[in-house]
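Here come two complexes built around subunit A, the first alongside subunit B, the second alongside subunit C.
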Partner chain A sequence: MAVPITLEFSGGAELLFANQKKHSIELPGSQKWDVKSLLPWIRDNLLQERPELFMQGDTVRPGILVLVNDADWELMGELEYEIQPNDKIVFISTLHGG
Partner chain B sequence: MAKRCRVCNGAAQIKRPKTGDIMCKECFYYAFEEEIHHTVLAGKLFTAGETVAIGASGGKDSTVLAHVMTVLNERHNYGLNLILLSVDEGITGYRDDSLETVKINQQEYGLPLKIVSYQELYGWTMDSIVQQIGLKNNCTYCGVFRRQALDRGAMLLKVDKIVTGHNADDIAETVIMNVLRGDIARLRRCTAVTTGTDGALPRCKPFKYTYEKDIVMYAFHKNLTYFSTECIYSPNAYRGFARAYIKDLERIQPSAIIDIIHSGESLCVKKDVRMPVQTTCSRCGYISSNELCKACVMLEGLNKGRPRLGIGKTHKERRLFNEELARQAAEAAATNCNETTTTTTTTTTFTNSKVCCGGKGACGSMGGSGQAPEMCGSNLQSKSESDCVGSVSPSGGGGVAECANSLKKVRIGVPTAKPNLLEF
Partner chain C sequence: MVLPYRTEVFRFYAILTGKLQCVKCRRDVPVVVTRVNDAFCQDCFLVYAVHKFRSAIGKSKVIVPKEHVLVAYSGGPASSALLHFLQEGKKEGKLRFTVTVVHIDELALVSVSDKERQEKVQEVVEIVQQRGFPLLLTSLECAMDMVKPEAGESSQAPEMCKEVTSEKEVDALANPDKGDKLKKLLDSLPSISAKEEFIRVLRNQVLLGVARERGFTKVVVGDTATALSVRIMTDMAKGKGSQVSFDTTIGDKRYGDVMVVRPIRDLNMKEVEAYNRLQNVESISIPHIADQWHKSNSIEQLTAHFIHGLQENFPSTVPNIVRTSDKLGHQDIESLPEKCSLCESPLDTDVGEASALRAVEVCERLLQKDGASRSQSQAAQSSDCTQHDRVAADNMKASLCYGCRLTVKGLRDVSLLPTHVVQKSQSRCLSRDEMRAQISEFLLDDENGDTPNS
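And now, the complex of A and B:
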């Protein structure tokens, strides 16, 4: 059974996703999803351009802030956080100018 | 995950980058604001009764700055008159949205807003500059013009000070850039919390010790409207690398940002290192280490169809440019049948051709009182004036309000050059 979640990209990160900030998606399959497996899924299924501005190695590029349900992902276990149905995960770029 | 706020034991949502403190939203807001209040007090940034222009781009830093300045001004009775000041570079589609954002901020905080445009200040928009010079060096133009635009706009408004949203990450980045470029003069200035105190309009950076992450988190949780985009004319690659480098370091060692700032502050320059002498531009009055400031040289280049004048190998271009000015002066001297020295006749040339007054409010009537350009161009020209981001604070402007208008005259009034003498 798929896991429905909401993704949000802002601070300029949305520019990598065809300028669309909010994405309601369903993570397929019956396996457990964590942020570590979510990131490459986003890269392969949603990202439109310049993957190097989103990911570095197996994590987000430094300068991109991540929030899980409005809390800093550093408080939630970062890559190990296990994604729950209806989670909201936000990516904010600080690399883009204002 | 039940992490608790270290202050009130409520549900935590924030992890502070500098200290690792874990906090709830409300405690974070207060701590964040009070840290900036501390920077304001420690640096003695303001005096009651001052009018302060907030450099507002619509981006995250200036949006949060406008918000926090409004909060602190009330909470701690700073007694400041706050004004939003924005620069419109004239890039179609780029500033349209961000200026809209600034207008929203204006309504939210009830602050007056002034927008100054490149067109009004320089007679050129960035779009028209790009049309003339192409995409190669436009960031150089934009950076130099932007830096002066804020000062000129502020002087039009007759404010006492400018505050900008430069944060700790920006300053660390600038320290690294200045090290890489060997720009000792800027390296020394760039960590100062206030610059331009000697005669020029002071500029303060209340976010000097504030991490970008905290600023973004503050804006996110407070739902502040801000605008972010990449400049549609190529971003500055060099600064981009410095930025990525800082972020990489921060991930490994979060204190790296503040450590770099401390390193910059602690550097002292040997006495025998030659520093550029700060003077004022003889044409517009802006602070400069040369007879003509970078912006005036660039304008000269644009107006004469020789846009490379202000960029690249500055020494060579400037020498040729100065030789040409000297030649014009000599010609003018010959036609005027003058026995005066070259220096004086040069002044005459400028006056007769109705080039601006040097920001001294004496346009068209200065007689022999203007500063005579010296043609040697001997001073070191700071290379770092070529940032698109414009994070390095200038030393401020020494001109007065009239200069905004007189700059326009440069375009029309400059004696026509003989381009064939100066093909680069």
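And now, the complex of A and C:
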């Protein structure tokens, strides 16, 4: 069963996604999705350029803040968090200071 | 009380990872993890962040009540948070000083159309007006020519900035001539690291120029702890170790007439972003020439990449670096009257014979006298560099601090530098020549024909 979720990118991260801040998507397939499997899916399906600015190894690049339903992902289990339908996942790049 | 499903999932994972309650109130569900491993709920986090801001200003007493300060706003997340802190303080009646905001338009360096440039500036104007502060607009290229023209005594120095009084009247203080001058200069600087350092120093000069023109004695900037830790390491790598303590302290007094204040230096970038998120603070993403610079060819990018990476797994990295640099001091400003013509920091080149600087200079001279490079330098001498150029370059070098010497190293034509820099280096050397002429009969010549202090 497809899992519908909302993704948001800000802080400069949206520039890697054709300047689109909000994305409503459906994760295909019937398997369980967690953040660890979500990231490569984003990289392969939504990312327009420069994957090294979004991901490093199997996690996000250091400096990118991830919020799951408006809470720090560190409180939700980071990569192990299981994605639920209608979750909102936000990626904020903190690399552009100022 | 039945909590909604998501909060249940929250609690489950929070229990799992041991972060059940907010460390402050021990009651509400935490939403953000900061410091080393402290989980805060929304209310407690906001109290924490605001407290950091207010106590930084309060304890250091860098701003006195009723003072009118200039606040630098770039549109980025840190300065957006800074403006929000100030606005909230004003709303609560706790802001004891008045604020004028200045925005530096750096779009001359990026190839955007005039229309796009206008739109970006318009966004800035709207946000600052929402915050309820008056706005001054200026551009990076303004600092290329801040010198009074010689014409007559009543002539004015070129205007540094414009007030924005109404939304309609916005037009970026774009100056194509100066913009071209700046681009030409940047193209002549050999390395990306030199370009980024030059832009940083020029930005500072613009802030100082606007402050001086309008009579401000304090400029407030949004340097976060993360930015400062990158700054410290980068300064050391670029030969500006003597300026580390100035670049990171909360009240930077090196310029004498204007003090630079850094009230959010105790908050790291993640805390600033979390604050912005919780308070719905918008930041503007403005294209910048630094976006194209990759970590493989820029000292600052490499350092930032390193520190961000380390901070991710060792969250005490940033506080440690900043705390260590706090312990660095500097000499009394009064005992260092000579300032670098480019960055206005006290000159650090008047050191004894047994110093690292002298050792480096000796090595450079030896390399020049060496056979292989002699033919190169001879070729350079005969073709591009005239005697005049070399004298100008030597004069310029003597008027710069060590770090700025490195920045402009390899710049063939020093007259491309901003006019105030060229002027300062010339006047410094003129007065030395005058002095030398006065005492010339008493000077001893070396056997080699070198005169002292040449």
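To be clear about the criterion, the second predicted complex is superposed on the first by the 96 of 98 C-alpha atoms of A that agree within 3 Å, B and C clash if a C-alpha of one lies under 4 Å from a C-alpha of the other, contacts with A are read in each partner's own complex, and residues count from 1 in each chain.
Heads up, the rule we're going with is that a contact is a pair of C-beta atoms (placed from the backbone, for glycine too) under 8 Å apart; a residue touches a chain by one contact, two chains touch by 3 or more.
Computed from a predicted model, the values in this text were never measured in an experiment.
K.L.:
Let's test your reading of the overlay: on subunit A, do subunit B and subunit C clash or fit side by side?
P.N.:
Clash - subunit B and subunit C, as placed by superposing on subunit A, overlap.
K.L.:
Once chain A of both complexes is superposed, is A:Q84 in touch with subunit B (first), subunit C (second), both, or neither?
P.N.:
After superposition on chain A, A:Q84 lies in contact with subunit C alone.
K.L.:
By the touch definition at the top of the document, which applies to A:A71: first (subunit B), second (subunit C), both, or neither?
P.N.:
Both partners.
K.L.:
If we overlay the two complexes on their shared chain A, which of subunit B and subunit C does A:M55 touch? Say first, second, both or neither.
P.N.:
neither
K.L.:
Output the subunit A positions appearing in both contact lists, the one against subunit B and the one against subunit C.
P.N.:
11-12, 15, 62-63, 65, 67, 70-72, 74-77, 90, 92, 94-98
K.L.:
Which subunit C residues qualify as touching subunit A in the complex?
P.N.:
5-6, 9-10, 13-14, 16-17, 19, 29-33, 39, 74-79, 222, 224, 226-227, 269-270, 272-274, 277, 283, 285, 304, 308-309, 311-312
K.L.:
Write out the stretch or stretches of subunit A touching subunit B in their complex.
P.N.:
Its residues touching subunit B are 10-12, 15, 61-63, 65, 67, 70-72, 74-77, 90, 92-98.
K.L.:
Spell out the part of subunit A that touches subunit C in their complex, as residue ranges.
P.N.:
Touching subunit C: residues 11-12, 14-15, 62-63, 65, 67, 69-72, 74-77, 81, 84, 87, 90, 92, 94-98 of subunit A.
K.L.:
What residues of subunit B sit close enough to touch subunit A in their complex?
P.N.:
Touch list, subunit B to subunit A: 1, 3, 12-15, 22, 57-63, 98, 165, 169, 212-213, 216-217, 220-221, 226-231, 235, 243-244, 247-248, 250-251, 389.
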